[in-house]
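Working notes for the structure below.
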Amino acid sequence: MTALDPAAPTRRPGGRARRLGLYALLVLVALIAAGPLYWLASSALKTNPQIYAYPPHWVPTDLRWSNFSDAWNAAPFDRFFLNSLVVSVVGTAIELCAALLCAYAFVFLPFPGKKWLFLFLLGAMMVPGHVTLLPNFLTIAQLGWVNTWAGLIAPGLGSVFGTFLLRQHMLTLPKEVMDAARIDGAGHLRTLFRVVLPMSRPMVITVAIVVMVTKWNDFIWPLIVTSSADMRTLPVGLLFLRDQETYANWGAILAGTVMVILPVLVVFFIAQRYIIAGLTQGAGK
Amino acid sequence: MSAIDDAGRRLRARRRRRDYLLFAAFAAPNFLFLLLFAYWPVVYNGYLSLTDWDMISPAKDFVGLGNYTDLLTDPDFRATLWTTVVFVVGIVAGGLVLGLATALLLNQRLRGRDVVRTLTFAPYVLSGAAVGTLWLFVFDPNYGLIRPLMAPLGLTAPAMMTDSKWALTGLVLVYLWKNIGFVAVVYLAGLQGLPREVYEAAALDGAGPWTRLRRITLPLLSPVTFFLLVTCTISTFQAFDVLAVMTGGGPGTSTSTLSWFIYDQGFRAFDAGRSAAGAMIMFVVLLLITAGQARYLERKVHYQ
Amino acid sequence: MSHSLPSRRRFLALAAGAPAAAALLSACGATTGPVAQPGGSVPDRYAGRTRTVLWSTFADVPGRALQDLADTFNRQQRDIYVDVQFQGTYDECAQKAVVGLLAGQAPDLCVLSDVKWYRFYFGDALEPWDEYIDPGELRATYNARLLAEGRVKGRHWWLPLARSTPLFYYNRTLFQKAGVPDRAPETWEEMYGWAKEITRLKTQGKRVAMEAYQKIDGDWQFQCTAWQWGGAYSRGMDVTIDHDATVAAGEWQRKLVHKDRIAYMSTDPAGDMGNQLIATLITSTGGLRKISEMAKAGGWELGTGFLPRHKEFGVTTGGGGLGMFKRVPKERKQAAAEFVRFLARPENAAQWTVQTGYLPVVPAATKSPALAGLLKKDPNFSTAVRQLPHTRKGDQVRMMVPNANVQIYTGLQKIWTGNTPARQAFSEVATRLRKGVDRHRQSIEEHL
C-alpha cells in the first residue's frame, strides 16, 4: 500500500524492504510492458519447428532471418512501406499546412463570428470516425479515388486537434513580435513562416509527429478504400499476409508484424518527448 | 463629417475587408476538409439510416425510422450494446485503476523509472493491427506465451480468442496493455503538480499513506481522472483495429461491439441502413457523454 | 462591417456548396456504367498486352498453384497478361467486389463461392458466360453436375473452378497408435467409440482431440452433419434450421465440445490437423495438398474417406467458381474468357487438381497423365472424385439469402464456444433467416 503514496519520503530509515518491493514492482511493470514485444521479436527469428514447440524456446538459437524475406516475398512489403510512407508524410504535410494557416487566421486575423466558427471547428471532433465511414467511402468512390493515394489521404486531412494545439500555442506568443513584424511591412504569409513558425517549432513538431503516427497506424480506412495489394498500407497488408500464410506459418507473420511496428518504435524512442507531450495534451486543464 | 475622417474610415474598412478575405483564404482549406469529410458525412449518414439499401442495386428504398425500430427491438442488437458497455467499462475502469497504480509507482524516486515509463508508453503508439496480431500469438493456447506462463500454476491455457467465455476478457486485456502507459503518463504529470506542503501537513497529523491517497491525492487528481474518463470512454467506444484483427466480433457474437457492428453491417453484410442507424446511435451516445462532461465542468467552475 | 458581408456570404456559400454538390453526385450511387480496372502493374516484358485482373481467394498452396497457371498462360501467348490478386476469404473477396463495383472499379474475373455468386446475380451484376464461350463448348468441357449449379434461366453465370466436397481426413499414424481400424468410420457412433482410444494419446503434452470445427464458414461442413441427422437448413425457401433433426445435429457437436471435451472450434483446423492436435477433420478437398504436405513434414500418414453417416449419408458440394461482372467492358471480358478457356484445358485442369486437391471440374482432366497417375498412386486424391456422385446441392436459403451463411456460422459458433443449447442458437438464427427470406423472396423468385 505504501507504494500508492505519491509523496512518501523516500529515504526513510527501515525503508529498505519497501524499496526492494518497489523495485520488484517496477521490474514487473517493465516485464508486462516489454515481455510481449520481446516474445514477438524473438519468435520472428525462430524456425518453424522452434515456434511450434512446447516447452517454448525462450531465446532463439539459430536465428532465422529468412522469416523476413518470406514475409517480404509473400506480400509486396516494399509497396506497403511506400504507401504507408506516402500516406503519412504527404497526408501530414497537407494537414499541417492547413492547420497552421487556420490556426494563424484564428489568432492573428479578424473575422466576424470568429468565436462561433472556432466552436464549429471543434465540433468536428465530436463526429466519430464510424459515422463518416460509409458516406466518406461513397464520396471517395464518386471522385474515382478508391484504391488511390488520393483516396487514402483525403478523408483524413481535416485537422481539429492540430489546429487547436497550434492556436493555443500561438495565443501565447508575445504580441509585440507580431506588431514589429507587421510594422516592418511583412505580409501575413511572411509573418507566419518567418516569425510564428520558428517560434512554434516544438508545437509544430509535436503535432506533426503525432499526426504522422496516427496516419501510419490507421487501419479501418485503408482496409475499406484499398482493393489491390499494391495500394495497401502496412497494417492492412499485415492482415492479408496473415490470411495468406495462415497460422501454419507464424514465423513470416511475426516478421511482418515486426516490420510494421519497428519504424514507429524507433520514431517513438527518438522523439518520445514530443509524442508524449502531444498525446497527453489537454490533461489537467 | 470631414473628408479626412471619411477617407480614414474607408481605408480602415478596406483593410478590414482585406483581412476578412485573408482569414477566409487561410481557414478555407481546413474548413473545406472538415465540411466534406466530417460534417457532410453526418448528414448523409443520417439519410442512409432512413433507407434500405444493399449497396449493389441502384435503388435506396426510403423506410423512415424502420432501421431504428428494427435495431432497438432486436435482442441481438441489445446484446451488442451490452457487450459495448462491458467492453468500455472494463477498459476504461481497468485502465484508470492500473494506470494510476503505475503512475504512483513511477512517481517514486527509483532508478530506471524513466526507462520503465518509456516502455509502458510504447504500446500506446503501436499499430492496433500489429498489436492484435502479436497478441493472437501470445494467446495461442498451444504455442503462445500464455501456455508456459500458466503451466507452472497447474492451469491449462484457455483458447482465449476462440472461446466465447474468454474472448471479451482477452480483448480487454490487450487494450489495457496498449493504453495503461498513456493513462499512467497523464496521471504522472498530474501527480508531479501536486503541492508537497499538503502532504507534509497531513503526515504531521499522522495520516497514513492509504488515508493520504484517499483523502488528498485522489480528490486533487479528480480533474485529471475526469479528463481521462471522457477521452478514454470516447476512444474505447470506437476501438476497432485490435478487435477486428483478433476476434472479428466473434466467436458467435461474444465480442461484437457497436463499433464492430457498424463495420460488419456496412462493409460485410452490405446493409447500409442498419449500419448507418448503428452509427447514428453511437454518435448520439458520444454526444451525450460529451455534453455530460461539459455540464460537469460548468458545475465545477461554479463550485470553485 | 456591412462591407464584409457579401464576401463572407460568398465564402460560406462556397464552403457549403462544395459538399452539397458532392451530395447530389453520390446520392445517385455508382451502381451503373462501365467499371475501371483495379490498380496493379504489368511487368515490362508483358507491356502492351491486355491486362486481365483476377480476384482470387486462394492462399498458400492453392494460391501458388493458381499463380503457376497464370504464369504459364502469360508465357504461352502474346496478347493477354493475367494479374492474379489475392483478396482474402470468400467473404472478404465478395465484399471487395461489392465495394469495388460501388466505386466503379472491378476485376475482370472474380472467384465467388457457391454462396456468394447469387448475391451478385440477384443484384443483376453478373454477365452470363454464354456470349463469350459457346454453351455447347461449356457443356462439352465441364462436369455436368457442377456446371448446372451455376446455370439459371438457361444461362451460365458461374463457372466451376475450385469446386470441392468435404472429405473425412484422418491421421493414420494416430489411429494405429490408438489401435483403431485404419479406415474412415462408417458412422458417427463408430467414430465416437474410436475417439475414446484416440483422445488418450498426447502430442506436445496435450491430449489429441477428435476433431475441430472451422470458425469461419463452418456452416458448410455442418450442413452435411444436419443432413446426416435427417435435418436441413431449409427446404426450398422454408427455413428448417430450428426443426428437431437439425437441432439434434447441433446438440451432437455441443456434447462433443462441452461434455466429452474431445472437439473444439479453431481458426485454422487444417493447421491443427497438420500439427497433430486433432486426429480427424472434415474439411474441403481443396485442403488435401496442403494437409498432405504438412503430414509429410510432420512425419505422419494421412488417410481420407467419405463422411461418416448417421441416419443417412449426406454430403454437399461447395468451393469457388468464376464470375464476370456485367459492367466490365467487352474487350476485357473477352480476354478474361481466354484465360478461363486456358484453365479448362485438360492438362491445366489436371495440374490444378494435382497441386490443390480440388475436384477435377473438367472430366477430360482425369485422363491426363499427371492426374491419372496421381489418382492411381495416392488414393486420397480419388476419394473426392468417388464421393462426387453422392453429393447434393446446398440448401437454398443458405445460398440465396444474403448473409445467411454468416448468420448460420455465427449461430454455430455460439454452440461451439458458448455452450448455447442448439435449439436456442438455431431458433435465433431461424428468426433472422425468415426475416431475410421475407425481405428478399420477391427478388429471388424473379431471378429463378
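Per-chain residue numbering starts at 1, and chain names A, B and C are given in the order in which the chains are listed.
Basically, a residue touches a chain if its C-beta (ideal position, glycine included) is under 8 Å from a C-beta of that chain, and two chains touch if they have at least 3 such contacts.
Since this is a predicted model, take the numbers as computed values, not measurements.
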Where are there more C-beta contacts: A-B or B-C? A-B
Starting from the Cα centroid of subunit A, hunt down the chain whose centroid lies farthest away. C
Rounded Å distance, subunit B centre to subunit C centre (Cα mean): 37
For subunit A versus subunit B, what separation do you get between their C-alpha means, in angstrom? 15
Counting only residues that touch at least 2 other chains, which ones in subunit C make the list? 4, 8, 22, 26, 29, 99, 102, 204, 206, 267, 275
Residues in subunit B with touches to at least two other chains are numbered 16, 20, 24, 31, 36, 39-40, 44, 142, 267
Send over the residues of subunit A in touch with two or more other chains. 52-54, 111-112, 135, 138-139, 224, 247
Which of the residues in subunit C come into contact with subunit A in the complex? 1, 4, 8, 22, 25-26, 29-30, 36, 38-41, 59-60, 63, 85-89, 92, 96, 99-100, 102-105, 204-206, 267-268, 270-271, 274-275, 290, 294
In their complex, what parts of subunit B are in touch with subunit C? 13, 16-17, 20-21, 24, 28, 31-32, 35-36, 39-40, 43-44, 54-58, 60, 75-76, 142, 159, 161-165, 167, 250-254, 267-271
Residue ranges of subunit C touching subunit B (in the complex, touch as defined): 3-4, 7-8, 11, 15-16, 18-19, 22-23, 26, 29, 31-32, 91, 95, 98-99, 101-102, 119-120, 123-125, 204, 206, 215, 264-267, 275, 277, 402-403, 406, 410-411, 413-414, 416-418, 420, 428
Interface with subunit B, subunit A side, in the complex: residues 1-8, 10, 19, 22-23, 25-26, 29-30, 32-37, 39-40, 43, 51-56, 97-99, 101-102, 104-106, 109-112, 114, 117, 121, 124, 126-136, 138-139, 154-160, 163, 188, 213, 216-217, 219-220, 223-224, 234-236, 238-239, 242, 247, 250, 253-254, 256-257, 260-261, 264-265, 268-269, 272, 275-276, 279-280, 282-285
Residues of subunit B that touch subunit A when the two form their complex: 16, 19-20, 22-24, 26-27, 29-31, 33-34, 36-42, 44-45, 48, 101-102, 104-105, 107-110, 112-113, 115-116, 118-130, 133-135, 137-138, 140, 142-143, 145, 147-148, 151, 177, 181-182, 185-186, 189-191, 193-194, 196, 199-200, 203, 209-210, 212-213, 217, 223-224, 227-228, 231, 234, 237-238, 240-241, 244-245, 259, 262-263, 266-267, 272, 275-276, 279-280, 282-283, 286-287, 290
